[in-house]
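Working notes, structure below.
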């Protein structure tokens, strides 16, 4: 046996040289380990005759079949959304009624205490009202969506989604596990960004990170749900409203997936050129989820966590909107001045200045976009009571001239605009680069502006 | 008969003979248990044909055609 | 007072809490076991790779406070990926008092690959064979005594989701730490030329680096041509001495 002496940082090691190449040594080592594992496993396990039905395969025969794979995914998505939307309706209105009753009592209390006008305005009309909106709009859909999603996650359906969709991601030069990160993004884009770590190749991980925001997170659901209920659901018979709203939200999500694939493809042809890395995805056995535990955990860990974050951000934002609406700038309110300044550009996108401002103020958290918008409209308008979808329809259509095109553009821009503050912070932490964080900000924003302008332009023809 | 793994059809089984190529992809295949002598069964193709799910040492693992082509098997 | 009691005392007197690492393949119920041990409620989904950050928790058993670290699920420790590197570095450098390898009873063979690799790095290994209920459902029986005999490390059958085997595991961990149980891992024997080369390398490594790390494991990595790993093991002091 010959020897090769190498020095590792001044440490001499005399390494014996074997009669074969290093990679065949590695092979031999792995093989020996696996053979040993096989030997031990055979000696210590016994399996009864394999007559049993392999349920996992039977389920996969449907869930990942050529014929049913894609329809089932769409069905699951629409089904979850339908349950979320139709289930959330009643509790949302109950919460709104309750919280706005409390709102009125608070007003009474402040008046009885002879509180100064600005104090009442800031805390009740600003802070409390926006928190009430966030809670009543967000809590019910989240409390339904998160358990349903967690059930699918625990059962083991998500890897099947990745399996079904991988061919698309491969065409886009991306990694199949990106589908898993997108599923996580459906709950929260910050969580989606963190989950991109499951992709080992840095190039494909970056693609997944930069495009994760094209999946609408839970915080953007309410905007999509409310608007599609008002403008699209409203056009059909009552009994079909939930379903048609669910279908339109599902359509927005599918559009998000299509945009993700296109942008991923574009990135892998330009900024992030490279070959697809190796892909190996385990399809774990299906598990029967523990339903009770799923409900408790998803409500405590996910729902309340996300809601808490939203409330913490909604409170000061509500106060800020009130201040903006109640301070003057020239002969108008500051709010109206800013909205007016944004209006020209916003109109090109089919929006108005208040809507664009709400998206900007919603940077810390997407959850507050709709409440902020309503707050601004209310602060300017005359309507004080707003506890039903019908009242909201009245506010948007009668007072602020919304059309179905406005609703479509708001939904599109909600799907494609800058990621929320938490997500940006997470992207900065994960990529450790301002350049890519900036890219993650610009990419969806430009896509959104382009989409909205294109739609507005085409419809205007 | 010595063929490449993606040439097997769903339901067919093969025994790993050798893994071609070097570097990371090869290493990963080995770590997944694709060592020579291993029995591999093709479980199913995904709806769009690629990737394909294989039963390897008790787990179902999906591989893209590109990677699976590195693996030579004999049918059995 | 005999030797083992003395070690026990020493441990109790030291301020450092024993650290337990949880390693294992993806989807073996590692996170579920982590929750069962620590009483924390980290969410456990059913998709490979969900433990992206290793999380820490604590539990108290017989008056001793234990720290538990949930490592990312991996098939191997060769460090092809961030996950594998995190898991490997933790076991190599943080030197947990005990590494519990969680295995899926329904596909033991695949899981033993990792167990055998970890046993080469540290002898302080306990094998937790989880999902015994799933195995029973699939009509698979596991002879844990035989498994223990062939591996040379303690084996604890478990159903972590139901909390079955958790107190046995805690007890086994305590016994391994205070040396009432001393694992003697039966390591994989490689092909003769590789074993010969290991025999030449091992003493050199022990001379150079002491016995703080597994010289056998490091020898194997050197033979594979993975010299980068070795560089991680050179303490600064040693480099100076060598000069």
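Before moving on, here are some points about what is shown:
Chains here go by letter, A, B and C, matching the order in which they are written, and residues are numbered from 1 within each.
The rule is short, and it goes like this: a contact is a pair of C-beta atoms (placed from the backbone, for glycine too) under 8 Å apart; a residue touches a chain by one contact, two chains touch by 3 or more.
Because the structure is predicted, anything quoted here is derived from the model rather than measured.
Taken as a graph of touching chains, this assembly is fully connected, with contact between every pair of chains. Taking A-B and B-C together, the pair of chains sharing more C-beta contacts is A-B. Here the spacing of chain A and chain B, counted between their Cα centres, is 35 Å. Distance between chain centres (mean CA atoms), chain B to chain C: 29 Å.
For chain C, residues touching at least two other chains, in rising order: 80, 106, 108-110, 113. Within chain B, residues 24, 27-28, 31-33, 57, 59 each touch two or more of the remaining chains.
In chain A, the residues that reach two or more other chains under the touch definition are 23, 26, 34, 38, 281-282, 284. Per the touch definition, chain A reaches chain C in the complex via residues 1, 6, 8-16, 18-20, 22-23, 25-26, 28-29, 32-34, 36-38, 40-49, 52, 150, 153-156, 158-159, 177, 180, 194-195, 197-198, 200, 281-282, 284-287, 290, 297-298, 300-302.
Chain B makes touch with chain A in their complex at residues 19, 22, 24-28, 30-33, 35-38, 43-51, 53, 57, 59-64, 66-67. Across the complex, chain C meets chain A through its residues 26-27, 41, 43-50, 52-53, 80-83, 106, 108-110, 112-113, 115-117, 134, 138-144, 146-147, 150-151, 161, 188-191, 193-194, 196-197, 200-201, 204-205, 208, 220, 222-225, 227, 230-231, 234, 238-239, 242-243. Residues 24, 27-28, 31-33, 56-59 of chain B are the ones that touch chain C when the two sit in their complex. Touching chain B in their complex are the following residues of chain C: 75-76, 78, 80, 106-110, 113.
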